[in-house]
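Below: one structure in structure tokens.
Each chain carries a letter (A, B, C and D) given by its place in the written order, and its residues are counted from 1.
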Amino acid sequence: MPRSIFDFADGGAEEEYTLQRNERAFEELELLPQPLRGAAMRDQSVTLFGKRLSMPVVIGPTGLSGLFWPDGECCTARAAAAAGTAFCLSHGSVCTLEKLAGATAAPKWMQVFIYTDKGFTRELVQRAASAGYDALVLTVDNQLLGNRERDKRNGFSIPPRLNASTLAGMASKTGWLWRMRKELRHITFGNYVKAGETARISELAGRMASLLDPSMSWSDVEAVRKLWPGPLILKGLLSPQEAATAVKLGIDGIVVSNHGGRQLDGAPATLEALPPIVDVVAGNAAVLLDGGVRRGADVVKALALGAKACLIGRPQLWGLAVSGEAGVAHVLDLYRREIDRVMGLCGISSIAEIGRDTLFHKASRSAP
Amino acid sequence: MPRSIFDFADGGAEEEYTLQRNERAFEELELLPQPLRGAAMRDQSVTLFGKRLSMPVVIGPTGLSGLFWPDGECCTARAAAAAGTAFCLSHGSVCTLEKLAGATAAPKWMQVFIYTDKGFTRELVQRAASAGYDALVLTVDNQLLGNRERDKRNGFSIPPRLNASTLAGMASKTGWLWRMRKELRHITFGNYVKAGETARISELAGRMASLLDPSMSWSDVEAVRKLWPGPLILKGLLSPQEAATAVKLGIDGIVVSNHGGRQLDGAPATLEALPPIVDVVAGNAAVLLDGGVRRGADVVKALALGAKACLIGRPQLWGLAVSGEAGVAHVLDLYRREIDRVMGLCGISSIAEIGRDTLFHKASRSAP
Amino acid sequence: MPRSIFDFADGGAEEEYTLQRNERAFEELELLPQPLRGAAMRDQSVTLFGKRLSMPVVIGPTGLSGLFWPDGECCTARAAAAAGTAFCLSHGSVCTLEKLAGATAAPKWMQVFIYTDKGFTRELVQRAASAGYDALVLTVDNQLLGNRERDKRNGFSIPPRLNASTLAGMASKTGWLWRMRKELRHITFGNYVKAGETARISELAGRMASLLDPSMSWSDVEAVRKLWPGPLILKGLLSPQEAATAVKLGIDGIVVSNHGGRQLDGAPATLEALPPIVDVVAGNAAVLLDGGVRRGADVVKALALGAKACLIGRPQLWGLAVSGEAGVAHVLDLYRREIDRVMGLCGISSIAEIGRDTLFHKASRSAP
Amino acid sequence: MPRSIFDFADGGAEEEYTLQRNERAFEELELLPQPLRGAAMRDQSVTLFGKRLSMPVVIGPTGLSGLFWPDGECCTARAAAAAGTAFCLSHGSVCTLEKLAGATAAPKWMQVFIYTDKGFTRELVQRAASAGYDALVLTVDNQLLGNRERDKRNGFSIPPRLNASTLAGMASKTGWLWRMRKELRHITFGNYVKAGETARISELAGRMASLLDPSMSWSDVEAVRKLWPGPLILKGLLSPQEAATAVKLGIDGIVVSNHGGRQLDGAPATLEALPPIVDVVAGNAAVLLDGGVRRGADVVKALALGAKACLIGRPQLWGLAVSGEAGVAHVLDLYRREIDRVMGLCGISSIAEIGRDTLFHKASRSAP
């Protein structure tokens, strides 16, 4: 895989403090094993927005997955279906939302943004409805692009800045080049190509960037709420106040997210932002979380603090880059087995049993 | 020693956070020297389950010690006997519990698990009683194997996965190979071989793993309590609630343990989990601790927070691997001399004098 | 650039703890994104001492900028003017304050010290008035030179100690030597040369060091206050008590500063010293800050804790050293764009909206 | 200098946690510059046990200084005299206390221990009195030798264990060997050689180690108090309770010390142990401190927390090893100039002005 694509997925904004903080917050929280509670049989399935998922891990939306493996989005969605969990398509996918919908029987969520052209927002929502998507994920923390300096250094911008160094970097990855030989000729943002168009990614990029409405506000959220009667999820909240407003507007779910540390460097770790949001939401919407979820134990920790499920972003891309659908399946299987082991070691039989007493409370330490 | 065996003893689960945390917790706790209290003569002996031990350090159960030195378990037990302390045999020992019992006059403890076949549990407990073991150690935190990724990488699984790399790793350790030339032909889990069997380790491994009862619960503990009238120790508790239940069921001892960071990565340091357990047990059982006890000062710190003694796991294996019985004797001697020196520098004459005032209380710092 | 000049700008006093602490304090403070507040249009202009600046970042006074680029002070001031912000000339500039005044239309501030010769203080203040400077910056934390061990090691003292090693270091920087070929013949402290003098820097250095009055006290501040009717800014306060006195004496502005970690190693981070000073000043003077301001996000954090604007010191020198005026312009542009992006991601339309609720309050975390 | 001698001075006990902690405690405490308080003239002299010292830094007792430079103890004492401060001779000095007394006009302190042979204690105290020593320093934290593993590794024990490696290490230091060519023939512990004896260090070592009384207690302190009417200083206390007892027995001074991290690894940093001791002593004895005092700023921090002066140990040995008396003089001069600069930057004119408000109080931070 060319370095520029690796960095696109691996990197964060500026100093990558938030990126590191996401993971450190999980590291610092401690689980309390309670092996004698007895949990021979463990059931990690959860019901989310009316669908039963086999595990509390959902594939989050990641743009340009099609650069990691031919037909990357469909591969990923098929792996999610096989694993019995949900898949969320990125608005910036290579394939179209209609093609993806036909490729998987899994619960599928569609990511949308608020566009300057309100007609386009409406159109995209209606396409998602027609294609049978189960939930709509309105991402609100990316209207303005974060300062991802690795991407700038690599010329991985929209449109891409190619120079001798980045071209040479690509050329040396012969395995990736051979695998992607067909795709590279027509990689594009599928959802933004009008029927019959053959525009390539570099030509579309400018148009796409200008699509997003920088003056997005709560009235736009209300508008989408009216357009879409099904489960509506707001992705990218860290503020309890904004979470409270979302609940008031009838939002069904919230993803506590800092966009994987890729937007505002200096934003808090999602695990630290989670508890006040859980408190304010008070059960009136499903609170999900992403950012730094690298292990099954991390999922259990997020659930112990009140999340209903976690989204993952980078992990499935690494699986996809290594071996396509099988790689994503392997990644999901690792999470499932790790969650199962943690539940067993903590004496937890079902997701409903996970709570604050699953954690070791430092406050109760009586050391000097 | 082949890397795979080194890693088997040295490693922990997943990111090895708990492994590191065990040691860091000791590092962060501070001792208060009080040289003028006067402690020319120091007595570090303790009475544990009715036996007088010359020091508050006991050899904890470690599986497959026989891979570190020929007849490793007996060597270790003899060193413990010579040092005047107790030895706990692992259920996963290479030699049989009967053979070990004949090899040492030291107080000896036998580790057991809860097996699916309750008859086998009963049988093992009765064998321990017949062989004259002084105490039974029921390990409860390992019914489900931790995610030890070093072992996975090394193919050190049950059964072992041998490949060119691991075989080459072994072949290069000519000293170890020569020393173990006889053992390697018939290394097995001694306690699991029926009389007359000649089964080898790889064949037994599957059987052994399937022996452990994943639905272990308090009723199993009660059953063992009925089978074994002598001192019964629960090993692997970190939760005060579970410690309280153990006391109610008449357990004689508790080992606060996270299995050396080898089971649930993310579990708290044992030294941090100790005080709330000491509080809840309130003297109704002996509280022991293992995990990260690398120095005599660590033993004194654990005792200052309420432990009666510490178990060690890795240190004696390193001693064993270097020079057999003499190596273990040297390790125990280091602990004894370090404990003695710490007691002297803190003005402590006997174990009974160790308490909270042996520690420097940060809370009393009046710095700004 | 010769190592000695790089270190002169890059280094701090002694162990450079304060230097590191400045940056770490920013790293540890977290911002709270609130994307749905809606901030399509962002205005980062501020009014400071009656002048409208296009951004809350001002060029702070840095001695010997003329060593970084030919005519370095004028280049920097022109870049500030083009960017619409203020420039503060160092008393230790290479060019004279009169020459600088003619080179820029930007708001310009002049740095002065308290001199043993009160007549010289008066003279310098009057020259600043005559030349049309907008504000006077009285630096109070440098009467005694900090212990900058890098400079000592490099012989970068006043007068310079040249030896084979430092001369060789200079000689190897051919680009810098060629660029500075004219300047090197007559580099001097412009403001300290009397008309017609041709004294060189090494000859002037001793005189300059002895100029500063080591017995500076509040009465000197009062005297300057009387001499200068315009905005008077005290630079180098960290103590709330001293800030309170400054306000009582009618000072218009305070720069919370530890001289970039170059004076007292062990002084607190400026970001940590800021809040108590903001409290005590209570709006009766403009509180500014410098030290460790490396990103637009840092500026926003300082403003969230009550600063009106930040001064930068090292960043513009690096820009200057790379490409003169264009380099400084680029540095200011980076700050502007980063501030704009942070405001957008936090849903902030104007500087007045930045406040305590722009920060993520750890206190409100309800994690265990 | 041979590695074994370097390590003897540089090293600490076991993991060297306490050694590092000593320095880190100073690093973490922050000073508050107050430049406008006005301190043109600074006086850092202090009165200690009735003698005026030119600075609050005293040369602490370090054994075997004579291994670092020919006649090392006298060189050091002469440098202290020239600097106007006090010198404390180690009981384990190479030269005799009588010879040292004749070599310097500085205030001189003599270190003693509690010996098994009470007659020897009495004899040493009387010799100190006869030789005109000004104060007696009774070291109480070294009756039992700490576990200095660097020394063990280097064979730097009493008696020394010489092997090919350590001998080779010595032989390669030709400068040191040449300089010490005469001393090496008869280096000994001067204070322990009876008149006319020519015993060498290795022969005396066993005798010396066995001299110390492991059952030292408060009654021994009382006995010395009766023997010595002059200033009596207890060195090596970290416990407020023991400090309180010392005051009750009429001790004149206390050195808060962990023996430079060379005795009990795990002991608290002296700077953290200082405040509770200052509180309990309540002005009834002079509280001094050693351990980690590497800079003038460290001295000021210790004084701000209530110490009257600091002792140094390693720093003067490095000075001594580099250039004998001149090296020690240079080290003292560095401290003096650093203390002076810190006082100037903090606006402090005399030692009496140093107090809690010289520190930046983190508690008063109002950041979130």
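Convention: a contact is a pair of C-beta atoms (placed from the backbone, for glycine too) under 8 Å apart; a residue touches a chain by one contact, two chains touch by 3 or more.
Just so we're clear, the structure is a prediction, and the values are computed from it rather than from any experiment.
Q: To the nearest 5 degrees, please report the angle of the rotation taking chain A's Cα atoms onto chain C.
A: Rotation angle, to the nearest 5: 90 degrees.
Q: Copies chain A and chain B touch; is their interface built from the same residue numbers (over half shared) or different ones?
A: different
Q: Between chain A and chain B, what is the separation of their C-alpha centroids in Å?
A: Centre separation, chain A to chain B: 43 Å.
Q: Could you grab the centroid distance between chain A and chain D? Build each centroid from C-alpha atoms only and quote it in angstrom.
A: Whole-Å distance between the two chain centres: 60.
Q: Do you know which chain C residues sit against two or more other chains?
A: Where chain C meets two or more other chains at a single residue, that happens at 29, 360, 362.
Q: According to the definition of touch, which chains form touching pairs?
A: All chain pairs meeting the touch criterion are A-B, A-C, B-D, C-D.
Q: Would you tell me which residues of chain D are touching chain B in their complex?
A: Touching chain B from chain D are residues 14-15, 17, 29, 140-141, 143-144, 146-147, 213-218, 221, 236, 238-242, 245, 258, 263-268, 271-273, 275-276, 279, 305, 356, 359-363.
Q: Which residues of chain C touch chain A in the complex?
A: It is residues 27, 29-38, 40-41, 295, 297, 301, 338, 341-342, 344-346, 360, 362, 364-368 of chain C that touch chain A.
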